[in-house]
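The two complexes that follow have subunit A in common; it is paired with subunit B in the first and with subunit C in the second.
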Partner chain A sequence: MADNSFSLAYKNRGTWLDRCSGASKLLGFVLLSGIAMIVLDTRFLIFLVILSLILLKISRVKMSEVAALMKLVLVFMAINLVMIYVLAPNYGSQIYQSKDILLGSGYFALTQQELLYLVNIGLEYIVAVPLALIFLLTTNPSEFAASLNRIGIPYKISYSVSLALRYIPDVTREYHQISLSQQAKGNEISKKAPFFKRLKGASAILVPLLLSSIDRIESVSQAMELRRFGAKKRRSWYFSEKLKALDWAVLSFVLLIVIFGFILIIVNGGRFWNPFH
Partner chain B sequence: MQDKKKSWISVRDVVAIGIGTAVFFVLMRFVAIPTPVANTTINLAEPWLALIGAIFGPIVGLFVGFIGHALNDTVAGWGVWWTWVFADGVLGLLLGLAKRYLKLDTETLTSKKLWFFNIWQVIANVIAWFVIAPLGDIVVYRQPAAKVFLQGFWAGIGNMVGIAIVGSILLVAYSRTRTRTGSLKSEK
Partner chain C sequence: MPAIEFQKVNFKYRVQSQATLHNVSFAFDYGQKIIIAGPSGSGKTTIGHLINGLIPQSVPGEYSGSILINGKDAAKMDIFQLSFEVGTVLQDTDAQFVGMTVAEDAAFLLENENTEHSQLLAQTENWLKELNLEALKKHSPQELSGGQKQRVSMAGVLSSDSKILLFDEPLANLDPASGRLAIQLIADLQKKLGLTVIIIEHRLEEALRIQADKLLVIDHGKIIANDIPDRVLTSAAVISAGLREPLYITAMRDAGVDLNKIAHITDLASLDHQAIKRQLSVWLEKKQPDKTKKSREPILSIQHLSFAYPKQAVFSDLNLTFPAGQMTAIVGKNGSGKSTFSNLVTGFLKPDSGRILFDNQPLDGQSVKERADKIGYVLQDPNQMISQNIVYDEVAYGLKLRGLSDDQIQAKTRTMLEVAGLDNMRHWPISALSFGQKKRVTIASVLVLAPRVLILDEPTAGQDYLNYRSLMNFVAELNRTQDCSIIVITHDMHLMLEYTDRAIALVDGQVIADMAPAELLNDPALLKRASLAPTSLYDLAESTGLDAVALSKRLVQEEMTRG
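For the complex of A and B:
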């Protein structure tokens, strides 16, 4: 997909992560980011961050490909952390049920507990990003639908996802064309125009886009119906792959981490790790 | 042989989810209208979701909101924020429930129906952004209530305004292109 809608593009970089099937990478991504969402143990999260950074390194994704995105993530994370601190400076001590003031005084005093809580949330943001990038950059988009189907999503929904991926470049192109021609007619949606004029301009762009998309839905669905899409309960995929030994190794490793996460919940007696006892 | 039983999702629905998601994704990613309030934008993807829901119904609305938001989050880079993805799916589902009442394909869009649509979209937005998204953030991500409710209110109100203005215009525009039942009369 060498299109500007995805500045991040799939490329075979020749590592074992590329050879791994899309289904096991998808499952690995969902399970690992899921367990990071549930287990808020700082040590566990640090382990996951390091693991995902190592994987990113192994995948041979160049820093230049992801640097812009990484910056965006850090900014987004910083905004969120500041917002949490400003709105709930005592949330940390509520969770860990103790209060050790680190610096400052009064309502906005920074406690050790709040700091640890913020570190947890920050790590939680960071974990998912390298994993998502690895998945995105090492999986062939055409294989994606087959992978979804393999992990148990009904094939009609999987097919919808692949249709969406197929049509994103087309819709982007069409949007740009319509937008340019509307601007030529004087419909502006940027800050140059007053607010209500912007909204009207936006509708002027959306209406043609909408009508052509609805037409497209009709013609594509008729074509698919003529080829008897959906007539059978199952469907085969051109890109589907059998799981290899490598996939089973990856999946068992991921499963091991997930089980370890659940053990931590039991040991910690909750989702948070509390070092303040 | 073809199954005699009607499937829960028609071929037209499958395609509507696919192309609807593509449009949702493009609008969410590239098109945002700046508002008079600094650094806030109105997202045009949600009015589109309202229209797609009103035309194709709740199942399509659910999947367009869910898949579209998840795809956008994955590419945007902050990691998929599942609670908000889920809330967008629920919003699509609720907006899709209006299909039965609006009957855009066969009946004229009266101003009474348009009022109903707008009241319903406000309710749907309240459920999705004031209740589901913040509660999800508290339960799943363990974020402080004050922060997530503030974010939820902010997003919810933006979406309500966007759908009320742009969504209504889209509904009217779509409805005008449809042929009514009984619009043809035999000449005497």
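For the complex of A and C:
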């Protein structure tokens, strides 16, 4: 009874991105999206957008696999951009220290500067999302915790992330089971029912789900303690691969881009590239 | 020096007012196989937790007396230090899998020891080979069969090098055939690696096949027997603790065989077969004629049903008829289509083709809710069904959702609570109930809608003999008094034999047997195909040359008169 709306799953698609270690992909994702957030140079951002779209293409991740999530992110991005505009319509002119009105008048007039700022923010999203998807969909979930741990996150935290991933299918199955037994009792949770009825119906599923999840957490933590999880300061990983030549190549390339980003900051005399001078 | 020694141990959980263990003393020697048996709440799991350190580390409580593991004082060790001395395989194998794949789960302990990577791989590989899991190492533990899961959890624990292994109810989630294999595997490993094995289990019929050196029976926190199984089984200890002894022993006891004169009751071959046969034959003559239920019109019929999941076909052209008033058992190993069957009948899944008729009317267009008024479905785990806090509210819930008037709801709910023996607990919070009582609440909450068919999924899993008896007697009474046809999905051969009129064995979506339970239970070839196992009565019949079916039926009659 697999739920098709949630098909974000690792699969070996046979490209060099799959062979790359989880740690270097994670590091690449963090560094590239980080530099995109720091250096707001539209030319640089467009370069990064093209790069990350090419990588997405190379990864052989199908659009159908990620469409639902993409839509969600686009909606979120749109809300974010509208909110920035509503809350700070003059932020752009402050940054670029000039004001060329495109549309409207008064406080909410849309300036060229604000538009450029919003475009930059939008591009940041478009850089980060494909990279995150590549990391998620080409990294064996088993390697997740090991990669997080490798970039310096304590292993107890890394492991709880991977444990959460490990329990998603179990909890989904259980949710399904509980929801069916609720429907048999006559609890209408389908879209036919009015909103409040659905809300009430949903709580009748969540309560048993929560209680059984607490039971599950208790027994899994006992099982982990009995196998000495947490006994030592460090732990090794079954799926920890040594960095290969490929990883070093990827990391060097990422580092070059980061350095180039910092050079741009010096050239532009700050985080923002200002075409309005 | 004993491997494990308890000296005058008293124990009380912090959250409870009464002590759980009273003056418990025993010593287990190295290289032994020990079974600790006792009913639910007897304190047997508490003993296990004291041995592996979960008490007092994870579950707080105070004890007096002394516990020595490998001669070391357990009070001075934390759970991590203790885990070097004792490896534990927990009851719920599903919950203890932490790795995404079999290999990772087997490696978990070594990872935590920060074992160097190449050594980690080599050692894991070694244990996977030892337990015959190499071919499965990339699979997720969840997709394995019950027996395979048991092997994975053993691989995960064995890598600790501890020479004492503790199994907490290893048979709880296994079908009879896998249960036998698991016991065999434990016995083999014990021999090969020179382990000391402690098994906490109340299913003695299966567990005793390990040929234990010692059987310890605990009841109400006190040890009532601690001796070689031959002596414990011929005494009254097992029965007085409310446990079920192996069936062949019950049959001999009922037939009037003097058990005290038998030196090795666990070894069937050593018995005086002629003498026992004489007594059993006399006993068999007292058999009353079978009560056959009048055959009635079908209440549920499955016609040419086909169903396939996207990746896997389950049923093709399934035909089954359930006459009204019957109690039917559906048996077969996990993945044979038992759950899919109930999901199709209750409308959770839609068939690809074919029809399901209820009382000669097709169920096709009816919603899950509409079907639930006719066919009730009770899940295995009551916690997955209960959504209200108070017993009364939970039972009344389905009626409320159907918009009945308050008077009607109250009348029906009270009647149902009375039938279920829950009326005096109607104001209790459900969290205060035992597992068996919760199970009753869920049955009552389904039955209050007055369905004419009730499907019970593993109703007695994980319950001890007394709870099993009281629950199944309740179900049998519903079957008689409420004119409710019952379909039980089960692994439990006793249940099938004692309570049902008919057994249907499913294998890969095919009906391979549809016959009287006693007949199925005594047909080794069919049982093997269905991943079931014959009871010890079959062995007794075999060695005495009596008819196994007659023996089974006679024993059930005797059991039922005991109530």
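As a working rule, the second predicted complex is superposed on the first by the 216 of 277 C-alpha atoms of A that agree within 3 Å, B and C clash if a C-alpha of one lies under 4 Å from a C-alpha of the other, contacts with A are read in each partner's own complex, and residues count from 1 in each chain.
Assume a contact is a pair of C-beta atoms (placed from the backbone, for glycine too) under 8 Å apart; a residue touches a chain by one contact, two chains touch by 3 or more.
Here the structure is a predicted model, which is why all the values come from computation and not from measurement.
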Partner chain(s) touched by A:I54 [first = subunit B, second = subunit C, both, neither]: neither
Dominant toucher of subunit A (residue count), subunit B or subunit C: B
Touched partner set for A:V267, first subunit B, second subunit C, both or neither: neither
Contacts of A:S240 with subunit B and subunit C, given as first, second, both or neither: second
Which superposed partner A:L102 touches (first subunit B, second subunit C, both, neither): neither
First, second, both or neither for A:E225, with subunit B first and subunit C second: both
First (subunit B), second (subunit C), both or neither touched by A:D170: both
Touching partner for A:I178 - first (subunit B), second (subunit C), both, neither: second
First (subunit B), second (subunit C), both or neither touched by A:I79: neither
Touching partner for A:N187 - first (subunit B), second (subunit C), both, neither: second
Overlap of the subunit B and subunit C footprints on subunit A, listed as residue numbers: 162-163, 165-166, 170, 205, 207, 211, 216, 220-221, 224-225, 228-231
Subunit A-facing residues of subunit C, complex: 52-54, 57-58, 79-80, 83, 87-88, 90, 92, 94-96, 98-101, 103-104, 107-117, 120-121, 124, 142, 156-157, 160, 309-310, 343, 346, 348, 368-369, 371-372, 376-377, 379, 381, 383-387, 397-398, 401-402, 445-446
Touching residues (chain side subunit B, partner subunit A) in the complex: 2-3, 7, 9-12, 14-23, 25-27, 29-31, 33-36, 42, 44, 47-48, 51, 55, 63, 67-68, 71, 74-80, 82, 140-147, 150-151, 165-166, 169-170, 173-174, 177
Residues on subunit A engaged by subunit B in the complex (per definition of touch): 5-6, 8, 33, 37-38, 40, 69-70, 72-73, 76-77, 80, 83-84, 87-88, 91, 95, 121, 124-125, 127-129, 132-133, 136, 156-157, 159-168, 170-172, 175, 189-191, 195, 198-200, 202-203, 205-207, 209-211, 213-214, 216-218, 220-221, 224-225, 228-231, 233, 271-272
Residues on subunit A engaged by subunit C in the complex (per definition of touch): 1-2, 141-142, 162-163, 165-166, 169-170, 174, 177-178, 180-188, 204-205, 207-208, 211-212, 215-216, 219-232, 234-240
